[in-house]
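One structure is given here, and the rest of the page talks about it.
Just so it is clear, A, B, C and D label the chains in written order, and each chain counts residues from 1 on its own.
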Amino acid sequence: MSDFFTATVLLATLASGIRLATPFLLAALGETLGQKSGVLNLGVEGVMLLGAYGAYYATLRTDSVLIGIGVGVLVGAFMGVVYGVVTLALKAEQGISGIGIFIFGLGISDLLFQKQVGTPTPIDGLGHFSIPVLGDLPLIGEALFQQNVLVYVAFLLVPALWFVINRTTFGLNVKAVGETPEAADSLGVSVDRTRYITIIVGNAMAGLAGAALALELAIFQQNLTNGHGFIAIALVYFGAWRPSGVMAGALVFGLIQAMVLQWKTLGIVVGTTASIVGMFPAVLTILVLVVVSRGTGAPAALTRPFERGH
Amino acid sequence: GDDDEGRDPDAPIRIAMVGPSASNDLAFTQSMVDSLDRLGQEHDIEVDITDGTFVIEDAAVAIRGYAEDGFDIVLAHGSQFGGSLSEIAPDYPDTYFAWGTSADTFGLENVYSYSVKADQGGYINGVMAGHLTESNIVGVVGPIEVGDIKAYIDGFANGVKSVDSAITVNINYIDSFSDVALAAEAAQAHVDAGADVLTGVSQMTVGATGVANDHGVIWFGSQSDQTPLGEDIVVASQIYNWDYQLGEIVDDLLAGVKNGRVITADFNNGGLSMAYNPGFALPSAVRAAADETEAGIRDGSISTGYE
Amino acid sequence: MTDTTNGEVLLELDGITKQFPGVLANDRVDFDVKSGEVHTLLGENGAGKSTLMKILYGLYNADEGEIRLRGNPVTISSPSDAIEQGIGMIHQHFMLVPTLTVAENVALGLPSSKRMLMDLTPVRQRIRELSDTYGLAVDPDSYIWQLAVGERQRVEILKAIYRDVSLLILDEPTSVLTPAEVDDLFETLRQMTRGGRGLVFISHKLHEVMALSDRITVLRLGRVTGRTTPAETSREDLAHMMVGRQVKLAPTRTDSTVGEARLTVRGLNVIGDRGTPAVTDLDIEVRSGEVVGIAGVSGNGQRELAEALSGLRPVASGEVIINGTDTTNRSPKEIRRLSVSYIPEERMRDGTVAEFSVAENLILTDHDLPPISRRGFLDFNQIKQVGSALVKRFTVKTPTLETPTSSLSGGNIQKLIIARELSGDPELLIAAQPTRGVDIGAAEYIHSVLMGQRAQGTAILLISEDLDEVMGLADRIAVMFEGRIMGVLDRAEATISRLGLLMAGVEEPNDSE
Amino acid sequence: MLIGAVLAAGLIGAVMLLVLGANPLTGYAALIDGAFGGTKNLANSALKAMPLLLVGAGITVAFRTGVINIGGEGQIIAGAILSTLLVLALPDVPRLILLPSAFLFGAIGGAIWGGMAGALKSYAGVNEILSTIMLNIIAVQILNLLLRGPLMDPGEIERGSRIPHTERLSGNADLPILPGGTRLHFGVIVAVVMAVVCYVLLFRTTQGLRLRASGHNPFASLYAGMSVKRNVVLAFMYSGAMCGLAGVTLVFGSEGHRLATDGGATTFTGAAGFNGIVAALFGGLHPLWTIPASFLFGALLVGANAMQREVQVPAALILGLNGLVVVFVVASLQTRVRLAQIASRLRGEEQADLSLSDEASSAEAGADTS
């Protein structure tokens, strides 16, 4: 038992938790932006899978991680366009079309993988990048500042997104459109255009999240994301539509998973108790929200299609 | 199944397979697909595959559908399908059913079950791991504690301990056959805990081998030859060849007898074998120890300690 | 019709027609506005006023007809087009984002001085200037959700003035303002016309129409039925033109016998949305057969009082006794079961389920009582009967009983609520702003119904900002200011000036009790 | 519209099949034959549709109350576990008692699991999307825990194969097979009847009116004397109970007659908790329309599997097409809804002429006496 509390193990857990948190965080931040403008996207998981496959395949073929990341983002953005057309132009029910996108992504990413790659072939994934000075700090340097580039990107996106939402005119439009679209519309703010942008950017971030996962693991597999996208959506609610809250949620989730894995590795939990520990993050998430109780704050127009004159 | 006169001996043997994961998963499902390919070189067969049916009820529909369509042999390639098979098989007494891995034929003549002594290859891998580890810490990334997986992992642990009982074997069941990310983190956790040798089973291990590649930690595989997952780090893999079991069933079919039984693959009957990665510079002493262990297992002088 | 101004023609609407399912909302309507004038659109509820203006502002597309601005035909297919043409609109229902501040609501849609970055400093600055110039006091950093309806209306007006439009549409801007605020607004509007702007004004308050308009166009059933000017007409004539019959503008009082206390409130304290006290140490009593009016500028705790009495808002301390039962902090259902009805102030939010049919809304509060409910099942024949009877009795204008309530005009929704709330012959009625937004014909009817209820012994607590209404209906008038009752006047002793002083928070030197 | 959407998805699918080197005509012929060809295939489609219908009809209750229940997966599992526990404990009770009790327990299990999400929302302010996703995870873990622990078939422990499933459950709890020589069983009847019950609940009862009112406008509902919080909990319980019933049919109507998993999240449910939502949406969130909608969706799933077997394309393609169909159908749905609205208004007008004519004209007359 005491093994767990050695500094090395704790720091390794921390590093692992941050790594595990990254795809959640990227996807959840993207979803936050979309939801802020009133669009719920339950298809994050599918977009992540397509982004992951795109990044993996591009890297496999070009040996360039950068191209891989680019492809992941583009695939996500493309799915954003599709989702935008479906939910904005065709006014489809958001929750369900999201589930459709999820199923589509799950199937097509696997299909492409089986047809184009077949046998899982490792790629050279993202190397770990040590931030000068910070990376050399004793103890925490390794845990916090020797991660892959996308980890830093994800955490930098937290203040960036906060800034966009709270300090730019675009952010003001986003909030207005997500809250009272008819008011925004009556002032000449284009509800659809604002939502197209948030959806496309949000999906691009989901694609990036998938890329982060595939490139960190340096492999692709059927259903690589394995529920990450759905948890990312839950984290938006956990974080009460605030980037910092979403980050806190992602970290809680990542750290608990890392801790559980360490416990299993070190033989602290064995056998069927593993299942109990496996539900720990879910239970904790609920408990945290019960205690903190900030269920309110959802954008009032979330999931509501906007049509002028209604 | 309504042709009481038996099958036409000149027609190709029609074999259907229902598998839980993708046909090219470098693991359990692929091992059977490969074996069917090899069977096709010996016999005139016609193969039909439904893969990726992880939903048990969908698999049941497919199994019944194949039986209904008059396939000679229907393979329910996944231990989770047994429950359904036990109810379907009695309805189609003329069809040969086989499933695995398992050791249960429900007392039915037309049901064969196949299992593997995966602990044997596990033990051999373990012996090599015991010799190769310098940190004296070895890690195992397992999916779920069932059947051949548990056999392999227990055999592996015993093999390691047979070299030096002081070596720590950390075993981590991640509770999923498919969660690659979790497998990667589990491998990372082992590395963080000091492991310099890793092994793992099932399709999720592709995540773990990525970490092993990153850290130059050596890797032992099972079920399929996992060399493609790490040319530099994979030492050896235990391979499942279902050829032996398939052969037995086809022989029964051709002889027109139904003799439902448990057919167990091991190193002696060729159902299991080792594949060494030619690209890995395995010290000859270690290779010799492995060969010696394999011989001992074959002649029964070495027990894997499983069961 | 006589031109009272000789400004150039700003706007011409030519033959505008708009058909909604089951309703011809506008039928070949011609309408124009000249620069420097106020042109009033008058008409009963559902006459098609808002529809015509929404077409002008690009919220609806006309089926037929042409819009010309300064003589040039224009296509206005979205609010952006309208804004580009210099048209502004104050909507009948608030168009504000509750979770944003006043300044943010004003800045929304406008270019920022720092391009992509938001810069609210100049916006706040200008809001303060405009507030001073036009007497529209509001804190630029308050969130909209924190504001009372009157303040919200001021923000709407600020939004329009801030944009410096050449044509401004005001769809019932005064329905939530106090008389003093209305005076201020009119002053603002006159300033705007002096600068050459044209205004379209919509209101159901005839004295306002007479005071402000240069020209008046009357709509009925989607058609123009009259054009006139204040000089040529009177309130009575206007009422006749609108409704098509003679209307009594002041309610007729009937006799009633005052009985036992139906509502007794002692030492009531209620906390408002902002977490600060909204009602403080309030005592009041309403007896059977009397109307007690609560006058006061909106936002002085009237809404919180009504909500606390009807169980929608917790009581912090004090006692509410209805028909001898202590109902302090009881649920709305328990309170309703004591034969209490409540006409809510925020009728769009609280009063109806917009997606429900007219029939469903008419039985909303009684749906689980016989005869509507039989062992938990709805009796649709009863619903139809009850619904038809109420629609008929209260002249709710709807194509069918199955019509979604959302497509009724504002005034008809109000009538629907009143029909429902009075259908059960309540023993206590809490009526908050019962005629706000209702046309004069309907207002007359509502007043007569209230008087009828009073005669039958219903105790009525009438909360209204409309002093004419309060003085016309109430037996006693309590004036609320900052959550307290400043004084209670008997009907006979109530004058506009005394009430006005109390409403402004000035205590009476000698208590009238 | 619906047909158009399916055709569009089919067209894209045909292109994909061509790319994969399969003949689309053969493929689609197999699909249609697999779904509708002969009584056996029709029966398989109905069987696949059955849990979708139960989940979907339940979902309509939640949606109409203004809450999104994406916790169907967890609620199915909860219903399955509770009914399985009952049958394991009392295997010898006669079928006439055991089977209804199993359904009752399943409904209770689902209702508890759903009710938790409702209570969390009503009384702790936890958003239901979050809580249901989490409750799904927890239910899967509990299922794994039980099947690998106390509920594991003793035979599996004996043989050492340790497959995570229960023993074959008592034959007294088998869902009776309906006459006709197919696999169609009693669960299908339960599903259809329960869909009708959902319709009656929503549109014919006072409770249903309260649920719908709360869904559309909680403020007005509160004002009208309803307890919105309780209605949210109730809606989740009804919805959950329906999912729980689906869980019962999945266990006692399965080929294996046991509760089984491989540890995966949707191994047992076959994602019925999600597909049921799709079926409900196909049915325009109306419990009765959900009946044909889920049958068509079930047929599509069954037919797709048949197509995969016939032309030997990866199962992944079917999944991808499945997603496309959902997207296309939902996208075209709005158009359909609008058409329906117009139609109903036109119909409404006719009704008005019949039933309301004197009221309407007198209302106008009242205002028209000049």
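The rule is simple: a residue touches a chain if its C-beta (ideal position, glycine included) is under 8 Å from a C-beta of that chain, and two chains touch if they have at least 3 such contacts.
Computed from a prediction, not measured in an experiment: that's the story for all the values here.
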item	value
Touching both subunit A and subunit B (chains)	D
Gap in Å, rounded to a whole number, between the CA centres of subunit D and subunit B	36
Chain centre separation (subunit A, subunit D; CA means) in Å	28
Length of the line joining the C-alpha centres of subunit C and subunit D, rounded to whole Å	45
Of all residues in subunit B, the ones touching two or more other chains	22-23, 52, 145, 175-176, 178
Multi-chain contact sites of subunit D, meaning residues that touch two or more partners	144, 148, 314, 316
Subunit A: positions in contact with at least two other chains	110, 114, 222, 275, 278
Touching chain combinations (by label order)	A-B, A-C, A-D, B-D, C-D
Residues of subunit A that touch subunit D when the two form their complex	40, 42, 46, 82, 86, 90-93, 95-97, 99-111, 114-115, 222, 227, 230-231, 233-234, 237-238, 272, 275-276, 278-279, 281-283, 285-286, 289-290, 293-296, 298, 303, 305
Of all residues in subunit C, those that touch subunit D in their complex	21-22, 44, 221, 240, 243-245, 310, 312, 331-333, 335-337, 342, 344, 346, 349-356, 360, 364-365, 367-368, 372-373, 376-378, 384, 388, 391-392, 395-403, 441
Complex contacts: residues of subunit A adjacent to subunit B	8-9, 12, 16, 19-20, 23, 110, 114, 118-122, 125, 213, 216-219, 221-226, 228, 257-258, 261-262, 264-267, 271, 274-275, 278
Contact footprint of subunit A on subunit D as seen in their complex	16, 20, 68, 70, 120-121, 124-127, 129-131, 133-135, 137-138, 141-142, 144-145, 148-149, 265, 274, 277-278, 281, 314, 316-327, 330-335
Complex contact set, residues of subunit D against subunit C	204-210, 212-213, 216-217, 219-227, 342, 344-346, 348-349, 351-352, 355-356, 359-360, 362-364, 366-370
